[in-house]
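Here the chain labels run A, B, C, D, E, F and G in written order, and each chain numbers its own residues starting at 1.
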Amino acid sequence: MTANSALIDLTGDPRRRRRERTVRFVFMTAAGVSVLISLAIVLSLIEQAWQFVVAIEFDQLLANGWFPRRGRFEFLTLFVHSSIITGIAMLVAVPFGLGSAIYLSEYAKPTSRRILKPILEVLAGIPSVVLGFFALQFLTPSVIRKVFPAADSANFLAAGIGVGILIIPLVASVSEDAMRAVPRALREASYGLGAKQWHTALRVVVPAALSGIAAAIILGISRAIGETMVVALAAGLNGIRNLNPLEGGLTMTGAIANLSVGSDQVAGNDSAFQSLFFVGLMLFTLTLGLNVISERVVRRYRQRY
Amino acid sequence: MTDTREHFHQNLSNLEQSVLDNANRCIKMSAMAVEAVVLPDLDLAARVAEEDLAVDQTYLETHNRWINTMARQAPMGGDLRLMSVVLHLNTTLERTGDQCVNIAKMALVTKDLPRSDRVLQMIREMGDLVTPMLRTAVDSFVRRDVEAARLLPAMDEPIDRLNRNMYRAVVDCGPAPAVLEWATRMMMVARAMERIGDQAVDIGEQVVFLVTGEFVEFADPGDHDGDRV
Amino acid sequence: MTDTREHFHQNLSNLEQSVLDNANRCIKMSAMAVEAVVLPDLDLAARVAEEDLAVDQTYLETHNRWINTMARQAPMGGDLRLMSVVLHLNTTLERTGDQCVNIAKMALVTKDLPRSDRVLQMIREMGDLVTPMLRTAVDSFVRRDVEAARLLPAMDEPIDRLNRNMYRAVVDCGPAPAVLEWATRMMMVARAMERIGDQAVDIGEQVVFLVTGEFVEFADPGDHDGDRV
Amino acid sequence: MNLERSPVRLTGGQSPVVDGSPGDERTSVVFDLEELNVFYGSFRAVKDVTVPIRKNEITALIGPSGCGKSTVLRCFNRMNDLIEGARVEGSIRYHGVDLYGDDVDPVEVRRRIGMVFQRPNPFPKSIYDNIVFGPKIAGRKTGLDDLVEESLTKAALWDEVKDKLRDSASDLSGGQQQRLCIARAIATNPDVVLMDEPCSALDPIATLRIEELMLDLKRDYTIVIVTHNMQQAARVSDRTAFFSVDVNEVGQRTGRLVEFDTTDKLFTTPAQTETEQYITGRFG
Amino acid sequence: MNLERSPVRLTGGQSPVVDGSPGDERTSVVFDLEELNVFYGSFRAVKDVTVPIRKNEITALIGPSGCGKSTVLRCFNRMNDLIEGARVEGSIRYHGVDLYGDDVDPVEVRRRIGMVFQRPNPFPKSIYDNIVFGPKIAGRKTGLDDLVEESLTKAALWDEVKDKLRDSASDLSGGQQQRLCIARAIATNPDVVLMDEPCSALDPIATLRIEELMLDLKRDYTIVIVTHNMQQAARVSDRTAFFSVDVNEVGQRTGRLVEFDTTDKLFTTPAQTETEQYITGRFG
Amino acid sequence: MATTSTSELVGRSLRRRGRSWVNTTIAGAMLFSLLFSLIVLVVLLADTIVKALPVFRSRGLEFVTANLSSQVDSAGIAQGIMGSLALTFLVIVIAFPLGVSAAVYLEEYARDNRWTRMINANIRNLAGVPSIVYGILGLFLFVKLINQGLFSVADGISGRNLIAGGLTLSVLVLPIMIITTAEALRAVSRELREASFGVGATKWETIRAQVLPVALPGILTGAVLTISRAFGETAPLLLAGAVLSQYFSVSSDAGLVDLVSNQPYTALPLIVYNFARQPETEFVQLTAAAILVLLGMLLSVNAATILLRDRVERRRG
Amino acid sequence: DGGPETGSSAVAATGANSIAISGSSTVEPISARVGERFDAANPSNSTTVEGPGTGDGFARLCAGEIDISDASRPIKDAEAEDCAANGIEYVELHIATDGLTVMTNPSNTTVDCLTFADLYALTGPESEGLENWSEANALAAELGGFAGFPDADLVVVGPGEESGTYDTYVEFVISDIAEERGQEESTRADYEASANDNVVVQGIAGNPTSIGWVGFAFFEQNADVLRAVEIDGGNGCVLPTIETIASFEYPLSRPLFIYVKTNELGTKSALVEFVDFYLSDEGVEAVGDAGYVELPAEDLEATRAAWAQAKG
């Protein structure tokens, strides 16, 4: 009724409304920046990479090895080297990372967890350049050369192990999250059926967290491919394709770092310099792809619980 | 449509069945009691008393089970009405049983007394009315038949009339004291049958309540007894 | 100790109060009804009939509120027993009210008839017994007094006896038909009072159930009526 | 107000029975839902709900899971605005004003129409700050102490907490927390309090205490409560709306008002078979 | 067995009333708790519980929150072993064997004494795999198909899922999931099934269905159920143990058995005032 | 008697059948994989300490306060420490408010439409982009544009300054900052928000008075972790203009503006990298010593984080 | 403008009291020491010394971005044209001499002295794929070298292709023969390359049958774990020592330069003072400190004269 409509005023305080709009705008701008950044990344990469691609001949991409100075831009070599290092890294990170995750989430009592978990956190906090030095100055001379005296001073094995160590905390924490997201109820159900601890851990929890674990591994791969400093210090600069883990070679990130550190050849050669953007774009695309996949996988387990 | 609370409804129909058992006993007893008085047949009277033991037994059991069911199931809606009706009918039927015993007992105390044909005829007539009425009431409950239940006050009408006329018939029996005593006893029998009629009406009321949820008295029960003013 | 369900318990005590209201009405009515017959006083009789309207009204209301309370509160334990007792007493008291009306009506039909002193004396005696007995029963309920309730069958004893002796007294009244008619009517009055006594005993049974949770019949009610075999 | 409208609506096939009661004339209508439909995206969660909510009464919304009780409740104070894609059709009038009208500020609506939720959700602050938050943001600056005492007293919590108003609200027991939430809701001086399964996280004793509180509160407020618990609706409410749910081929559940009536009537002699089956536990 | 022991124990001041019933002699005792005390660290959560659990009966444990119902229940299959610092004193005899005896393997205990939890917790695997998990780890290799059918049939779920045994259990409704959990529990062929508030996450209709199922199952199994819901205990159980809780100065809550009796008796004429007050909603 | 036999039978079936070696073995293997990380840490630290010992023994903490030098025996890392601290400060100033604001927008304001989902996915992906790619961005965007005077702060500005480095690192950690903040915000229960809206609070009032205070510990933990990440980053700075050399010096009369916008800079991790490339065996020792300082600073940041988180967890119960 | 720039290529040599030096990594230690000593006396000065590589230094010098370009070889014509096009004027100052040192593991006793032909056979473009010393015998013999290589694993270690040291090695050792044989003027691609000379040193030290090359300073630092190989440039085997390098008797000796931009000499007094100091007796000590060979007095005077002339 009109009498009541007059009595009941629901229009609210205009000042509060205005303030709402202002605040909202400020926050929106901030969010916009993140979009700008990714645009900037893609644009800066694409523009320069494009210049590179048009500047070179196609067979230069198939030439033997990655030697920008010689106009040999065999990207495949970089990719293979990156893959080898990533493979070695995952051989280290997956068992140790997963094992750590299983131990922390399934076996460790709260008190021991409080003590043990920081190990991984501390390891995660070690800068990669430190591990690069470790790989170069400890792993190669004091470990690898002891087993394989023939190993080169810069070799995939040391770099791979270094990268692997670097990734253990990532794999461990993402898969531990996934395992801890498995409801306690599921474990109790398993124990309630007379399952032993390892049954519960390996047959109930791990399968339930499988997609999270998969995501952890994919993320680990993505991180391994993008890791720079360990590789730059410990993997060597060999641009010829090499499949021997005891010898070294240039990876994608190594190539970028190498180009960025600067050299007389590059300064005078457009294509060689722009190859940096080309490799950067490849790296970006590759890790993006992996991240998207892991995201998909993660979303699957998020949905379940 | 599945019945989710089958165990409860099983329970509930068991309770209803107990009440029906008593109802059927009462129907049988009312016929037997009248027969016992009219013949008179002391064995029959004794069997009525015996039946009543079963009625009382069932009554007590039903009451306890009613309380338990109520505590356990917290029924609602129609189920709740049924529970309330069950409790009510349980009491009513126990009383009906008692009335039957009251009638049957008269067979004993009147067995050697002289009779009045007119009074005996009236008792017979009432007996012929009251048992079918009780059966009608119980049937209306079994079939949840509101129409049938609504007929009961009308069926009670002749019984009331016969009962009212009893005074006159008894007084007319005098002056022989033996006959008078017999007739006086018969007045009690008539009164008991009249009450059974009332209880049948009461059952009918409960049936109407059970089905419609509305609780009404069919008629002022104060009217059933005594003369119209 | 706070009472968490105060609204419900408020509800419950309102229900109990309604039953008590009817109980007190019945006590008053039973005294009035006997008085009306003995004097006889037609006004008093009319007032009994009037009271009964209130009893019936309360009875219906209580029944409906009972169902609602039951549906809403799903009581348990002592509360549930109280609910069951309330339903039972509600019915019982409505019938007590009816009995009082039945008695009072006799004032009307017997107002011009000659009387028998002996019978009148017996009626007086019964009246003096039955009202206090009803009061005792109601008090035992109010106070949840099992001891008092257990006294009721004993109190019913003299009433039953007087009622049994009524036959003889009535038969002894003959042969004057007018006196006989009056006496016969008085037999009905006695019978009604005897039933009120029974109902008082019934109330006592309920009190015992309410307090102890055990439901027992104090005595075979079939015994209250008619002669001992 | 809208009492002249026929309280009985017949809207074809499966028309809900919306019955008046003898008390209709005594209380005025606070909310008037007409042909309310609520959508989540393109999916219709609730269909054609027509219900009047009366002043100083407790109205309960009951029905099986997913029948849209919460959905309807959250329309009363436009809480659904916060849900992505939620959309309302039909009208909700609040004292005659269209709640979803253009110049209606949902913030203002929520101040006037308080809400209490399923799990007690006190702010992780002191008891005092919990109560004064609403009034403060609404611009109130004075008399806060009195307000706190008044609200807590109304919520039957004052005696238990008066000595620890500065303690964290999280240290209270579940039942106390829920009463605090009620106190918080009434501190903004609303005239309606909505409650969505306010006792489902509480134990029976705490539940009963909240129910008692609701019965006290209806002297001052109009209360709408959603509950899973039939017994609870029966215990506390004056009127009950029973919703049922139709499931379509793809498993989407659309709620539908089956019956609206006084609680006494609905729980003892429902007009609809569906209601009877629900309350007696036969279903499906 | 232990029937010769006096069913009535008097342990001083606040002795719980543990009453027998006419049926005592007909059923044998499966569990015999005597003077059970459970500690979490140094804190005593449950005090002096003496309760016999009888075969093919449903025994309900009720009481206010924190009174130790779950704690006691989890002693029956040594689930408390999994909680750090949990410790049991007193004795639990299972068919006369001390459950906490030195050479008793808790894993074996849990196989014979199944458990169903508060929220349905199917493994995120197929329906089939859920059922066979227990039997398989126990070494069973053959007749699994039959076992699945049998368990699901017993759990009143077979008809609903027989065509989708390989589908994920997560796609079932809440009520179906809980029945699946019951099926899973009985697939290891236990003789006792423990249930901790098995319906508290379900709607009323699903709840009633589980209750019906329990009543069916007690033909084959002994069931112990913890419930918050008095009505539920009343509806389904044969005997009920009512626990109360004493709160000490520092707010620690120690549970205590107040009364143990047949459900009929306990809910209509409890022997203890405390029980009466609890079931009639007066408390505190 | 039947009773005894039942109980005997039951007792026998419940009896423990020896310890499960499978269980023990598996538990041991899992524990070892966790301890492997510890072993690595210990070896790494021990190796570094052993290598660094001569430096500390001969120079004490002097090399921490000394500037870079081509002479091994006088080379110090003071410039790296100062540079790293300055960069960290810039990251806090730039990335923290920006990241928190963006997260608040995305979590609290943005409608859940394709656009928002895209932005969210985009941010998550940015967090996974290798840091060296951010270096490319820093080089292309900041170094170059600043050099061209686009972000002119002072006259004669150089593109290779702290601003470029700080911006590059800020951009690098921004997605992580947004994600951790968003996670902290998401952990705030919906109930709390509804409670606030329910008493008539606006969105901003709800966020400011209820959501942010609750999320703050989480946001801060995330921020500290993020910042410690920025602290240890090397690769992007290689491209973003940090000086990678044996020697450079900063003018002693450079003002603050001049310092951030017009003076060369480096960071501790870069010094480590550069030292590690030097020929002299003494540089190996110096590298190790620099690493110890770097780790020391990082560990104190991490320890603070862990303490902070433990306190928050305990407070929440 | 889109011109090529690396991360270390954008020092704007603008401030009146800041000096930007870039270029050869070989010369970097010398310039760094000089800068250090200069700054000690002039704290308001800011000096940056970097060593990305000789060519890079020239590129930046010619872009006007730096004040001084270090160089381990003379400027190429193309680079000089670039400077001219940008109007950049400079003066070339010869400051020291270095000897590129070919090394092997001390346990390798079979090889004492190598000719350019031997080195070409072992590390030249045609050696790509060789994994055993003996496999190089044929080519070495063909080119008239030593050719007596044993049957042992061949491991070649050296600085990355980006370095001027690599450049010099190619120029001195490979170019002539490669040009003659119509081969690419580069080493084999499949050697162990590292930007970190320390890694190169370790690579050689860690492998008994390795061969590699670094600047003399790097060798000297690690003389205990390495063994320098004598080089026969046609005039007999010569071991690299301070003396043989200074006298250019050692065939792989090379001059080290700084190129100073002269455009701003009039306005930028700090730069003038800096170069003055560089060439002073005190400044020149840095050469020896860094492990390089100081110029003979007459050469130093020539350099000082060139500088004096440039100052005008």
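Following the convention adopted for this analysis, a residue touches a chain if its C-beta (ideal position, glycine included) is under 8 Å from a C-beta of that chain, and two chains touch if they have at least 3 such contacts.
Fair warning: this is a prediction, and the values are worked out from it, not measured in the lab.
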(message) Which two chains have the greatest number of C-beta pairs in contact?
(response) A-F
(request) List the centre-to-centre spacing of chain B and chain E in whole Å, with centres computed as mean CA coordinates. (result) 48
(request) Let me have the rounded angstrom distance from the C-alpha centre of chain A over to the C-alpha centre of chain G, please. (result) 38
(message) Please tell me the distance, in whole Å, between the geometric centres of chain C and chain F computed from their C-alpha atoms.
(response) 90
(message) Two or more other chains touching the same residue: where does that happen in chain F?
(response) 135, 139, 202, 238-239, 244, 276-277, 284
(request) Note the residues in chain D that touch 2 or more other chains, in rising order. (result) 107-108, 112, 205, 208, 230-231, 234, 267-268, 281, 283-284
(message) Can you pull out the residues of chain B that are in contact with at least two other chains?
(response) 4-5, 8, 67, 71, 74, 76-77, 80-81
(request) For this structure, give each pair of chains that are touching. (result) A-D, A-E, A-F, A-G, B-C, B-D, B-E, C-D, C-E, D-E, D-F, E-F, F-G
(message) Quick check: in the complex, which residue numbers of chain E touch chain B?
(response) 205, 208-209, 211-212, 215, 231, 234-235, 263-264, 267-268
(message) Which residues of chain D touch chain E once you look at their complex with the stated criterion?
(response) 64-65, 174, 203-205, 208, 228-231, 281, 283-284
(request) Flag every residue of chain D that touches chain A in the complex, lowest number first. (result) 1, 94-97, 99, 101, 103-105, 107-109, 112, 139
(request) Flag every residue of chain B that touches chain C in the complex, lowest number first. (result) 49, 52, 56, 60, 63-64, 66-67, 70-71, 74, 76-77, 80-81, 83-84, 87-88, 91, 95, 97-98, 101-102, 105-106, 108-109, 167, 170-172, 174-175, 177, 180-181, 184-185, 187-188, 191, 215-217, 220-222, 225-227, 229
(request) Provide the residue numbers of chain E that touch chain A in the complex, in ascending order. (result) 77, 79, 82, 84, 107-112, 114-115, 117-119, 121-125, 133-134, 137-138, 170, 181, 184-185, 188
